[in-house]
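In what comes next, subunit A is part of two complexes: it sits with subunit B in the first one and with subunit C in the second one.
For the complex of A and B:
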């Protein structure tokens, strides 16, 4: 037996991979479908995107045959030109700044309002499930439907919001036509859409915090604020750190709200990076290489953000 | 995955091309080379119609019924695609080879782009191009690219000045304004004397063109490969718009849903004048102030600037998708839909302007007073640049116009920015 073990140990470096496979084949077989699907759906487009972003491919110079028309492939490798074009363009910094402002404001409001509502709902009260259902409704409606409804509500001349303001004796506001108010409008719509998810996630987190902690704190004479600060917030952290990261990524790439509510207007005032990248890709003769480069830039920004965030959490002692 | 699909599509398309050549519909460029008798052609033609689904669509569907009666072996699959999405949707489908229609109602500004990308079948020598000498020359030019015919004109249009006769009369005018200077004066008088607004503006690049043309400007000068959007003439034209807004002659325009807001204001009698095309005839006549009093609705040519009265030529062409599996049936469909007879029917029922000369004198068409009303405005129509990039030129100008209408910029810096954006779109063109 000892000899066996020694022999296996000696053989290990040479046939490590095979041994790993033979020992864990079941696990590999089980994960294979996911791995393959991920490779096909994420890996291939990603690699292709990186490749395209290094060329000058457009709708016009990628080869194809349609019926009697044969168009030869004439696009070429151009290195990092697309990236330098983006980073040196006048648009980039302005769009990035607004995208960051939009993300920070939206996520801050999502979390604070979501947490407030979750705290309210985390107490025994009458009709609690009714409130919960009502508050989740915005999430149940498809985002594009909500965006269109908001668009009609906020119409300057004929919208309901301005009609109410006028009825109350105020002047109407150009919700979607003034650059500042258009920004307020898209943020308001996105907050309305995003709060239910935060509320549900945080409510789940709240219910996982043991009651005994609060009781012990109460016995020790902790004030409600102290209980919130030292029990609720730390207790929520495993949930909140994840949903904040998710919320940030979603909001950063929140296409439908901006595109359907203002189309990036007025005059490009509400255009975030993804809607701008979309314009690059789909307006006029489609610029595949340019939009692929935009996609990569956005991906890089999000990866950097997620890494920094993770590091910050780890420093606070989160096992994440 | 995608690649597999694409190659399958390519294989299918190749097979098609081979068969298509086999029965002589290849790009031979000679007179009708059809061997199959029209009555023997069978298949299903999917048509993407981009017209208004409620007011215009039903009339086209009636004509389709006539077509199916004439060619019982051909079935037509009518699909109404909203105009705003059609360009994008068609390009996506045409490129992937999956889900593209056989025939598309194509805006005149898209034909060159689609043709340059290889999405359209050349129609010279096919039954689709029938009696080409009857077509009005300006709309017919929109269907040509690089010397080949890719589009058969369906309807033509241009912008005119639509006005509410009663409101103008109340302000003391029997005639609509004929010059841009008069336009401002009339609009201000309407505002002060009737309480309604003078002019409703639709903040859209296309609707800036009458002002730019009026002063002798344009987006680009195709012959000399020159970007002219920031030329002194174009600046002078856009300045008129800026002045109309700042002076209050035009009501404060909405920037989102601008077209609908302007139209609603006009239909409800809240403003006296608007720039719009014949496609809005049916919509306008259903409005509050015109429904019971159609005579109140007036149509005039766009007011003249210091150089001329000019408005953009619009309209739609029938185009056939190059990858269609039913090319022969599609050609016959286009022939039928674009015939003088069908055009006269559309003109009579909808007031849309035919592209064939004989259709104008057909009794069905003359019965609709709209056709005669639009004859004068049509005389001001200016041909647009039929280049592949044409449709891309609107977006930068829309953004600029929005900033101008919102008061965040003035004409010169705005147009300079637009010209810079055009340099990115039109590689190698000079300013």
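For the complex of A and C:
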């Protein structure tokens, strides 16, 4: 007891720390599991990833154990060489451009088609629940299964899409083997499997808009377009900002569709940043350091995106 | 044609002209066909013999047979892969929810020093694409001798599951009224007691949704599973299926049959819980 008082008097800043501790210790204790897990499972690999990205580690000089023989690592520190290599390569600009195009086109189509369907479903009509279930189906199928389905549908020789085109008198298209059509194909597949989530989320948002607003606007003689523009869109903003962020992250990181549908091909035409970094590390001669550097570049892009998003949230009045 | 944003309610139905009704239904029917056709075609294809699959036939039904299914179940490791996927994802989901529940509660209720850093960390880490961590985690797991072992996959999945569950549960706890906490505090419960006895029982649906979402993301994961699992007795479904359509052979019959076997249970469960899933993913956005 006395010792406590003495200690408090001797170290004034520590007493502040102690007051904080007594007031907040349970909050800290509750967040501890996630903080610790994140530091160990994400923080440590991340630091190691940064380190690897500054070396010339590949499959050849990485330490490994073959049977009883332990072969030590022989890779060396090379500074920022990997980064300068990436940023000055034509590959980087090409991959980045396509990734941005892919993300923007997919999210724009997800949101506009999703919103259109949500508006249609948000009216009283017969068979509404049936339509809803049918339209949600693509989200219910695991993404890797969808990628395989589309790979079969779009197969150049015996895919049903080409078979139908031929039956209708057109020439078949080599969907997955032509750089342009491969891009169209991956976007089509991703739009197909991404629309249902947007539709459901936006439908929930539409149903949360008070009906009185529409009735009042109607009384004041607002046209349907004006009601859409001034009631529906602002009313949807909380939901739409969240789903646009989620959609952007999911699409930017969409590994299975690209990897399983075209394997990034033909000739790298559909390779986005994420699949490219993966391929560097796990195909051919495994270039661990180069891939780690690509990973860090991608991380930098994501931090920029998150910062922009947090600023937007703050403007809406979210506290942090 | 179809005016946007007509609100729900009987009064707008009375005024919809027959022409508009037809346009509305035609649009929805067309959209439903686009949405259902690939899955329907998959099911139909899986019932065709191999010789028919590899011709450009547009007949929906052609020599129907269950041969693809018997071959998948009897002559491939499909069931092993399915069991592997379920084991890995179950462990991931349970651990993810256990580790993140208290954090979700803390960031929902308390404003403490470090709060913003925790939120920031949760947001950033769940955005991490595989490309950032896969190389260092692979090397660490190789160092520990865990490549081709399930723990390596569970660890890799936890990196995204834990922050995601915490984030999702924060949204759910936000919808539980604070007055319940206050009542608990008045009755002399500690913050832990309040969480454990009052909030957690109320939040069971939220926990279930977070667990379910972790489960389906883990069991359909492709990148880590492809890189880490090297022996075909350890493959998960996503890796196993790509063996059917490798570079040298394409067993479309096996692929379609196993896809159906995966998609049907997945879709049934999914359709049952999808309402909660959407609420969970957008929670916090609608509370405003």
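Heads up, the rule we're going with is that the second predicted complex is superposed on the first by the 290 of 320 C-alpha atoms of A that agree within 3 Å, B and C clash if a C-alpha of one lies under 4 Å from a C-alpha of the other, contacts with A are read in each partner's own complex, and residues count from 1 in each chain.
What we mean here is this: a residue touches a chain if its C-beta (ideal position, glycine included) is under 8 Å from a C-beta of that chain, and two chains touch if they have at least 3 such contacts.
Just so you know, these numbers come straight off a predicted model, no measurement behind them.
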So in the superposed three-chain picture, is A:282 touching just subunit B, just subunit C, both, or none of them (first/second/both/neither)? both
Check whether A:71 is in contact with subunit B, with subunit C, with both or with neither, and answer first, second, both or neither. first
Looking at the overlay, does A:151 come into contact with subunit B only (first), subunit C only (second), both, or neither?
both
Exercise for the section: Return first, second, both or neither, reflecting whether A:176 touches subunit B, subunit C, both chains, or no partner chain. Expected result: first
Exercise for the section: Determine, under the contact definition given at the top, whether A:114 touches first (subunit B), second (subunit C), both, or neither. Expected result: neither
Comparing subunit B and subunit C in the superposed model, the one touching more of subunit A is C
Exercise for review: Kindly classify A:138 by the partners it touches after superposition: subunit B alone (first), subunit C alone (second), both, or neither?
Suggested key: second
**Message:** Under the stated touch criterion, which partner chain does A:247 make contact with: subunit B (first), subunit C (second), both, or neither?
**Reply:** neither
Interface residues of subunit A shared by subunit B and subunit C, listed 44, 64-65, 151, 157-158, 282
Residue set of subunit C touching subunit A in the complex reads 2-10, 12-13, 16, 21, 24-25, 27-28, 31-32, 34-36, 38-39, 41-42, 45, 53-58, 99-100, 102-103, 105-107, 110-116, 118-140, 142-143, 145, 155, 158-159, 162-163, 166, 190-192, 195, 216, 219-220, 222-223, 226-227, 237-238, 241-242, 245, 252, 255-256, 259, 262-263, 266-267, 270-271, 274-275, 278-279, 281-282, 284-286, 288
Interface with subunit C, subunit A side, in the complex: residues 20, 24, 26-31, 33-35, 37-38, 41-42, 44-46, 48-49, 52, 62-65, 117, 119-125, 127, 131, 133-146, 148-153, 157-160, 162-164, 166-167, 192, 195-197, 200-201, 204-205, 207-209, 211, 214-215, 224-225, 227-228, 231-232, 238-239, 241-243, 246, 249, 252-253, 255-256, 259-260, 273-274, 277-278, 281-282, 288, 291-292, 294-296, 298-299, 302-303, 305-306, 309-310, 319-320
In the complex, the residues of subunit A that touch subunit B are 40, 44, 59-60, 64-71, 151, 155-158, 176-179, 262-263, 265-268, 279, 282-286
Touching subunit A in the complex, subunit B uses residues 1, 10, 13-14, 16-17, 20-21, 26-27, 88, 91, 94-95, 97, 113, 116-122, 254-257, 261, 264-265, 321-324, 327, 388-389, 391-392, 395, 399-400, 402-403, 406, 408-409, 425
